[in-house]
Amino acid sequence: MHHFTELSDVPDPHKLLDQAQLIKNNPVGNQQIGKNKTIVLLFFNPSLRTRISTEKAALNLNMSCIVYDASQGWKLEFEKGITMNTDRAEHIQEAAAVISQYADIIGIRTFPSLIDKEKDYSDAILRQFQKYASVPIISLESAIRHPLQSLADWITIEEFKEKKQPKVVLTWAPHPKALPQAVSNSFLEWMQIADVDLMITHPKGYELAPEFSSGIPTEYDQEKAFENADFIYAKNWSSYEQYGQRLAVRENWTVTPEKMARTNNAYFMHCLPVRRNVVVADEVIESDRSLVISQANNRTFAAQAVIQEILKLL
Amino acid sequence: MHHFTELSDVPDPHKLLDQAQLIKNNPVGNQQIGKNKTIVLLFFNPSLRTRISTEKAALNLNMSCIVYDASQGWKLEFEKGITMNTDRAEHIQEAAAVISQYADIIGIRTFPSLIDKEKDYSDAILRQFQKYASVPIISLESAIRHPLQSLADWITIEEFKEKKQPKVVLTWAPHPKALPQAVSNSFLEWMQIADVDLMITHPKGYELAPEFSSGIPTEYDQEKAFENADFIYAKNWSSYEQYGQRLAVRENWTVTPEKMARTNNAYFMHCLPVRRNVVVADEVIESDRSLVISQANNRTFAAQAVIQEILKLL
Amino acid sequence: MHHFTELSDVPDPHKLLDQAQLIKNNPVGNQQIGKNKTIVLLFFNPSLRTRISTEKAALNLNMSCIVYDASQGWKLEFEKGITMNTDRAEHIQEAAAVISQYADIIGIRTFPSLIDKEKDYSDAILRQFQKYASVPIISLESAIRHPLQSLADWITIEEFKEKKQPKVVLTWAPHPKALPQAVSNSFLEWMQIADVDLMITHPKGYELAPEFSSGIPTEYDQEKAFENADFIYAKNWSSYEQYGQRLAVRENWTVTPEKMARTNNAYFMHCLPVRRNVVVADEVIESDRSLVISQANNRTFAAQAVIQEILKLL
């Protein structure tokens, strides 16, 4: 594996899953591979879990980790051929090449505009970094995907599943702000290779991009979707059709104990941070079927497996 | 010792003092204990000394140290049962549990509101972190205490004292802004177990909270208080009674050479940062009896002793 | 070498150059010297290259590196004898002494006001840190010099030069903002000891400070200056005479392929970040004669040589 930006970058995802599980049993058992290697983590948006879990993964591997907050004081130009006489101080072409001089691996966190669908779905910032960097790139969430989250989610489902092929339901949930589709897109991408029975439920108008959702059963009735579910994965996202918009939704899509009662005693999952009593009721997230903290914990081992696989080929 | 948030967390404070002094003689002599351990430092307010001295202490112990500036881009909800539909993106209950997945110890820096006395004096943010985290918590200054500072102050007094039971005077001093009472509260808390003759002096209206000050002699005449003093510890704080207010004070409470001349050639102490010629005159802070830089230096060994004691029980 | 703030701090610059070249061949070959040593990097301005390359250099030497962003939440007072009752919370005298307690070396990045020429050219912030710190100081760019950049530039010229004494031309270039003179000043300072034939070219009114430029041939006709050049070093700077101003300049001073065609197939250099098609045309910076990424790469080895030489004397 060279880059890690989407599922198709991974030659053998099931082997990566196995690696992550092995690492979880002994997180500091492979420190020779990271010695004298440096990972630079570049954040164009604030991050808690991704920042700390990825740094922790690097430290477990005995790597040096340099975290750079790119959201302040440094605006990048992404257009080719432009006369740079406004406020953008550096072109991506130099920035990516320069950081590559100091890093063995670069991690990048970007965010969608939620305005320009075409640009967001070309994943322009990530792809330009990838183009102009001379070292492997790990996506720490891009405009449209969050593969480290999905790998951690998969590890978690494998850990807790109580039958060979559990029913996993991705449910839309309310949120006061317009959010990206990245976590949901990636979850669908990865769950299609997992041994699960996958279903999506959301209000009409919240259909995800066909490149991620096509072929996956969609049920507009949330309560019906929850029937027999073994895992409920809740997430808000803004509309893909009316791009980046929050639509008027009258129904209450909050995940409540009543709705969970319709499931097969399902586990509750969310990538966090979560708005309590908007996305999910206190009783659900605090129940012993809530996996949100385990998911966060598995972020470390997902990142560590990815970094380790990349280091093996350096 | 599990947590370190106040004096009563420390089973044997004198032993902790001894440890700090031993560490000062050989700061890198105990690196096995920190190997593959991670401390996460979480700052809800800017910090120079605490940030760098605690990171230095962790590095001396061969730990990994992850510093997270929580003051930007991430607002926590602390109320239970609330519907999180405003600007607070994550509940303390998840945040503390999540960070616990990545840290062996969490250090937290919080600040009082200086508006809501009851809430500040319940030390709500610190206590909720403590409640919801699954790992030990070190206070890097809370709404009402700053125990690492007080331990460093105690180390410093022990280093420089010229008699068995020196007279130590905590004096209020002027300041252009309303400041917390944390440093002063903690200083009183810790000095009561130190072998010193403790006195407080401040203008009327600046009485500290009874839970910290009761039983300690208070002298409203600063010059009288300074008589025979061996250590002058200057600090501004806002009013506890008229909570968080700066009161009209006509007298000049700046610590001057003239006032120091009334002491028993006392040492001058302050936790820094200090407003020169407001809190203390240049001549005093620059004199060879000024201990402010030694206090700052001892912050490292205070933090290191605390971390080391906590690691011993992990 | 104790401090590293300007050329005259370096006892033997040619030996330092040799060291940097040796380090480049084996960046992690000397880790014993940095063990248990700490460098604190203090940034009063945002920095990408300097921040990451210096941290990388420290990590290559097995040092601990603590990065502190001093641009937020912490205003320093630099005047002596002042009554500190405004917004400046700490005096440089304490700040420098305190950080010295935690650091074996302090790196500092400051910036000119571009308003007060006399103050800027006294390099007040850097010099006060140097005065009040008790440990060696490395300039990570000051108001008027950027010696780590110049050392990296020198390494780069030595690496690529195709004749014993190449012609090196420092050319002014346009920019939408008023920029410091630091990079240009330092470049002139260091190039005078390099084995090069140095020339400056800029529009009238952009004469650099005599302390840096006197004795160096200046050619106001850029095209003429480029003739027979082996290295073109482009940089914008604001006026020294009309201090900190951008003057009305009608001519187009952008470095274009047409102008480069007048040179002796010269290499193109710039310290980055660079405004494409303002300072330099895309075709020039993307050509195989562009050394900008090599310059950035050599920043690590310049910093590492400097840190290593300082550590040798600690």
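Annotations for the structure displayed:
The chains carry the letters A, B and C, assigned in the order they are written, with residues numbered from 1 in each.
The definition used in the following text is that contacts are C-beta pairs under 8 Å (C-beta built on N, C-alpha and C of every residue); 3 or more make two chains touch, one makes a residue touch a chain.
Nothing here was measured: the structure is a model prediction, and the numbers come from that model.
Put simply, subunit A has to spin 120° for its C-alpha atoms to lie on subunit C, with the angle rounded to a multiple of 5. Taking shared numbers over all numbers used, the subunit B to subunit C interface scores under half, which places it in the different class. Separating the CA-averaged centres of subunit B and subunit C is a span of 39 Å. In subunit C, no residue reaches two or more other chains under the touch definition.
Contact residues on subunit B toward subunit A in their complex (touch as defined above): 36, 38, 40, 64, 66, 68, 72-74, 77, 80-86, 89-91, 93-95, 97-99, 101-103. On the side of subunit A, the complex with subunit B involves touching residues 28, 45-46, 48-49, 51-53, 55-56, 59-60, 71, 176, 272-278, 282, 285-286, 292-293, 296-297, 299-300.
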